[in-house]
Structure formats: structure tokens, C-alpha cells
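One chain, chain A, appears in both complexes that follow, with chain B as partner in the first and chain C in the second.
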Partner chain A sequence: MTRTTPLWRHVVNGAGLVVILVIAGVVAHTAPSEEQQQAAIPVRGQIGETITGRNIRATVDGVRVAESVEASNGWAGPTSGVWVVVDASVEARVAEAPLGYARLKVGDVTYSASTRPGQATIAATSLSVGIPWTGPLMFELPSALVASDAARHAELQFAVDDDTRADSMLVIPVDLNSIDIDEVIETERPVWGAR
Partner chain B sequence: MTPTPPLELRSWRQRARTLYDRLPTKWLITGVSAALLGLSAVLGGLNDVTAAPIPELRAGEPYAALQLTLTPQAASLIDAFPEQGVVPDEGNRLLVVVATVTNTSTDPVTIATSGDADSLLPVGVDFADGFTAPSSVIVFDDGTLVSTVQPDVPVKVAYVWEIVAGSLADGDELRVDVLDRENEGEAAVYFGDRFSDFHVAGHVAFTVEDLGAGVNG
Partner chain C sequence: MRRWLRRNWIGLVAVAVLLPATVGITFATQWSSYFGGRASDPVTVRSDTAENFAHAAWTLTDVRRVSAASSEGAEIGLPEGSDLVIVTARVSPDGSGAEAPGCILLLEELDGTTVTRSWGASATDPIDYAATEGTLSTCDSDALEPYTLESAFVVADDASDDLGLAVTVSSELPRYLRFRL
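Up next, the complex of A and B:
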């Protein structure tokens, strides 16, 4: 004699299966992707505020825009665009490291701090623990971009390694639209140890 | 004693199946491969393919490579760039190709010396030490050594190679290849873009001008 499974058990099994599938779907769609798991960890702040990440601390004192720059070492780099000059103070916190990632992001496009000014910029300098480098970073941008809508929501991004995955990235919003474009900017000599 | 089974009258289907069962697998695979190859040949799969001609570019004509638009403009010989510390060994000279470079990607692109970006390559030149990648890339306007070009900011640069003196002279014709590549994207165990299929995308012909010690020298 065979016993037939009651109908209510079929219904319960089916409902249970549906619940499991729904939960699996929710997990699959909300689990962070590999890119999200490895993404830089943003630490947000404002101009004038000291922002601290795992191994980096920075203060952006001001942002200026000019058609040309006269650097402290005599370099005057012409550009077909404009220079965005960021006066900043950057130091390491737990171990010596280079300022490996200093970018200005406008929309989806990123610009790296120029190394053309040589010793007149703190780009790519080696950061010591607790001893800040204070000086300018120069970013070369297309002229039209500074006046674009995307430039209202530009972001300065600093990290100690050019591979920014899974480490702190300091993020400071900048409204480039609100900054007047000077004809020329003179920049100060980078100083090691000053605050 | 086991009786001999009677001969059965088999249909052609049964006989075909028996033959198929007796067919060695090697024969089967070889036969199928031969059939596919024959079909490919019938459809023209084994015909010679005419390679697309590499375009001849004029001096000053831009070529849009994967990340950079390169506009080679002139080629010259020069003794040295002492202010930049670019001084060749004795018996060598510097070959300079001036080009405007525009980064068309969304990130800064390194163009320095490793030959890993869209670049230029002189042909038929006796390179010092055999290195075909530029030994330096110098910004034309301010004389700084450049390593990175920013998106949508054109920059006029001098690609510099150290060559054996005498391998190129004033008035010689020089062919420069424009090199391009493809982006394969990221891989499972690799971070960042991967590039492959490096190829010559165009030729530019120049008449070399010997500048001696330099434009002011």
C-alpha cells in the first residue's frame, strides 16, 4: 500500500522553494561585486579641513586656476589648457610612502598631478610619518572643462599608492566653476615639516 | 554444446549500425576532420588573405591610436640635450621625432620610455645598444622630461632615440612606423588594463634635418 503525500505538503515545499529562490536572488543582486569589494575606501572632507586615512593625512588649503604657472624653481610650463593649482599639506601616518596617487577627477575623467615642475611640486614626493610636505600640486586640464557643469562637482583624490584598492583615499570636493581663472600664478617652494 | 544461432535477415539499418560499431574511432575522427577541412576549402577558408595595406601618413597628419592621437611632424638629428641630461655616448647621436600627442582616454597615460604606449618607431636605424624604445620624451615648449599626458590636453613632444652616428645623415629619407595596440581589458587574476596585438598602424616618411648642436647651436 502506498501512502500519498498530502497536498498541503506539496504546497509548503513549493512555497519554501520559492522563498529560497527569492532569498538567493536578493543575495545575488545585493552582494558587492569584486570591483566594489576591492574599491578604495573614501574618506571625505572639505577644503581647509585635515582629513585622515589609514596611512595618509592631508589638508587642502586652497585651489586656484591659471593660464600659466611660475613655479618656485623658475619653471614656467606652458599648456594648451589651464593649470589647476592645489596648495596642500600631506604626510604619512604609519609608514613612509610616496604620494603615489594625486588626482583631480572631473566627471569620469581623471587628471594626475604633473611632475613637469620637478622639485617645485609635492607630486610623487616621498611622505614621512608625521612630517608633512606642504606645497603646490599642478593639474593640467583642458580649458573648456573648467567651465563645464562637470567641473562644479570635481574631486581631489589622494592616496599613498597608485594602486588604490582596499586602502584609504582622501576625497575633497572642488567647485572649479566658482574659481576665477588668473593669467598667471606664482607658487611657493615646497616645504618639508611645516604645517 | 551451444547451438549456432541462425542467420538473421538483417535490414540495411542494422547492417549500417554494425559497420558503424566496427569503425575505429581514429578513422571516425580523421574522416570528420577531413570532411570539415574539405568544406572549409570549398567555402574559401584556405584561400590566401590579402593583408590590408598599411596606410602612408603625411607629416602632420594625425593617427588616432588606442589611447593617443599621434601627429608626427618632423625628424632631425641633434648632438645632445645637455639641459635635460640627455647626452649620447661618444660615437652616438640623437634622433628626434617631433610629434603632437593627445590623450583620448579618460585617464593619464604614461608615454615615457618603456615603449608600452602607442608610440613611434623609426625604421632602418642603427639604435645604440639595440634599444628601439625612445630613450627620452621631452616636452617641446619647456624642455621638461615628460612621463604622462593628460586627457584632452595636446602636448608637443620630442621623441628621442640614441643612434649610432653615421647611420643617418642630413637629407636622408627616414620611415617612422606609428605603433598601435588593442586593449583586452581586465582579467580574473590581473588588475588594470592588458594590452595586446601590437601592430604597425601607419608609416610616415621624413627627410631628416641635421641640427648639429641644436636649433640655437
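Up next, the complex of A and C:
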């Protein structure tokens, strides 16, 4: 003698299966991708504000633009574009680390802080814990880019490691359009110690 | 329902045991390899105690802290808002035939047993500190005779006095020596 499964159990099983499939679909479509999981964690702030991440603290005091630069060590920066000079103070918070990532993002393009001026900038400086380095960072950009619409929403980005995955990245918006272009900028020597 | 549970109890018990076991073993393997490769297991000793570690006997002989605001700090050229912590230790290779240790030295700021901040030795810092004559600024892996190690650390002046000297020898990882200063 065989027993037949009641209809309501078929309906419940079917409904359960549909619910599981819907949940699986939602999870699959909303789960962050590997790239998103490992992305840098932005910490946003403004010029003049001290911004603090996991192992980095920075204050951008000002941003200037010029056709040429005279650095404190005598280096002169000839360029067919312009120099964006960022005066900043940066320190580590937990453990010593290099300022491995200092970039200016304009539109989809990022520019690294120039190391051509050598010790006259704080680019690639080894950051001490609690003892800031204060000095300039210099970015060499095409002239047309500084005048473009994208330059209104440029971003300065700082992190302690060149590999920024899953760590704090300080992000400071800059409107490059609103800054007058000087003929020449003389920069100060980087200083180590409390300001 | 009860009948279904009775029919499938072996499978259910297997899932209940194997699922957490699989997750646990995976996590344990990953974490143990993560911590095994870094200095994560301090062997903490008091500053006045000698300790055998990595085929050598270690004894802390002196600790000194110089403020940037002092005349000595100004002479050394310490940056504003900093202190120089000078740690001296005697290292005696035990002559067991093993190579005497090369090491990494860090100064740790501690909150109980938790490291809150750390500083590396100031060898490349732009200051005018001259080490005491006859001392070494880092471990000498070729040394067979006892020697004196003097390491200087430029730290923030708000660093607490609860400091530890961490001596890391790669062959001993994840263990490392921590002198409470």
C-alpha cells in the first residue's frame, strides 16, 4: 500500500525552494567584490583640518600652483606643465612607516608626489610615531588639466604604504581651478618635530 | 517531523560536528601561520633580570631618557616634542656553537601587555647623537665574545614611562624578548 504525499507539502517545499533561491540571489548580488573588500578605507577631511587614520595623521595647510619651483635645497623644477605644491604635516600613529602613498587625483588620473626634489620634500619620508614631518609635496601636472572641470574636484590622497589595501587612506578635496597660478614658488625646508 | 529526525539523525550529527570542525580548523591554521611569522609571543622579563634567549644571555644595564627641551636634548638636535630613550644591554653569546643572534630592536609603549605604539632605533634619524665608544648599535651576528649594545630611540614626548625593549631574532619567531624598562 502506498501513501501519497499531500499537496500542501509539495506547495510548502516549492515555496521554501523559491525563498532559498531568492535569498541566494540577493546575497550574490549585494556581497562586496574582492576588490571592494580589500579597498582602501577613506578618511575624508578638509584643508586645514587634522585628519587621522589607523596609522597616519596629516594636516594639509595649503595648496599652491606655480609654473616653476625653487626648492629649499636649491633644486629648480623646470616643467612644461605646472607644479601643485602642497604644504602638509604628516606623522605615523602606531608604528613607523614610510609615507608610501602621496598622490593627487584629478578625474581618473592620479599623480604621485615628485621625488625629483630629493630631501626638499616629505615625499617617501619615513614617518615617526607622534613626531610629524612638516614640509612641501610637489606634483607635476599638465597645465590644461589644472584648468579643466575635473580639477575642481581633485583629491589629495595619503597612506602609509604603497599598497593601500584594507588600510586608511586620508582624502582631502582640492579645487585646483580656484587657485591662482604663480610664476614661481619657493618652498621651505622640511622640518621634523612638533609644529 | 520526529520520524524524519529519527531517520536522518546520523547525517544531522555528522553535519553538526563536521561543519564547526572544518571552520575551526581553517581559522586555526590561518591564524597560527599569521602569528607564527611575526613577533607575537613576548617573553617578558624585568629590566634587572638576565635572560637567555636565542643562544645568548641578555642583561639590561642602563636606560636613560633625554628631553628635547633639555640642554642635552638641544645639543643632540632632538626634534621639538620628542625624547631620546637610550637603552644599553650586555649580550653574551653562550658559545653553544650556534650563530650568535642578529636582531631587530624596537621600543614599545605598553598599556599592560598591549603594545600601543612602537619606535625603531634612531640610526637613520637626523640627530647628532653619538653612541658611547666601544658599544654596538645593533646585534652582531658574528660576535662570539660578550659585547655591549647601545640603542637610541627618538620617541614622542607624550610616550608613557611604561616602555619595553623588544628584541626580535628571526630564528625564534614568534617568540621575542621584551625587557620592561
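Observations on the structure shown:
What we mean here is this: the second predicted complex is superposed on the first by the 194 of 195 C-alpha atoms of A that agree within 3 Å, B and C clash if a C-alpha of one lies under 4 Å from a C-alpha of the other, contacts with A are read in each partner's own complex, and residues count from 1 in each chain.
By our rule, contacts are C-beta pairs under 8 Å (C-beta built on N, C-alpha and C of every residue); 3 or more make two chains touch, one makes a residue touch a chain.
Note that the structure is predicted; figures quoted are calculated from it, not measured.
Room for both chain B and chain C is found when the two structures are superposed via chain A, with no clash between them. With both structures placed on the common chain, the touch criterion links A:W192 to chain C but leaves chain B unconnected.
Looking at the shared chain after the overlay, A:G77 reaches chain B, while chain C stays out of its contact range.
With both structures placed on the common chain, the touch criterion links A:D163 to chain B but leaves chain C unconnected. By the touch criterion defined above, A:D149 reaches neither chain B nor chain C.
After superposing the two complexes on chain A, the angle subtended at the C-alpha centre of chain A by the centres of chain B and chain C comes to 90 degrees, rounded to the nearest 10. Applying the stated contact rule after C-alpha superposition, one finds that A:D180 touches neither chain B nor chain C.
Between chain B and chain C the least C-alpha distance in the superposed model amounts to 15 Å. Common to the chain B-facing and chain C-facing surfaces of chain A is no residue whatsoever. Note for the complex: chain C touches chain A at residues 68, 78-82, 116-120, 124-126, 154-156, 158-159. Chain A meets chain C in the complex at residues 93-96, 126, 128-131, 191-194. Listing the residues of chain A that touch chain B in their complex gives 75-81, 108-112, 114-116, 118, 139-142, 145, 163, 165. Those residues of chain B that touch chain A in the complex are listed here as 106-108, 139, 141-142, 144, 146-148, 150-155, 191.
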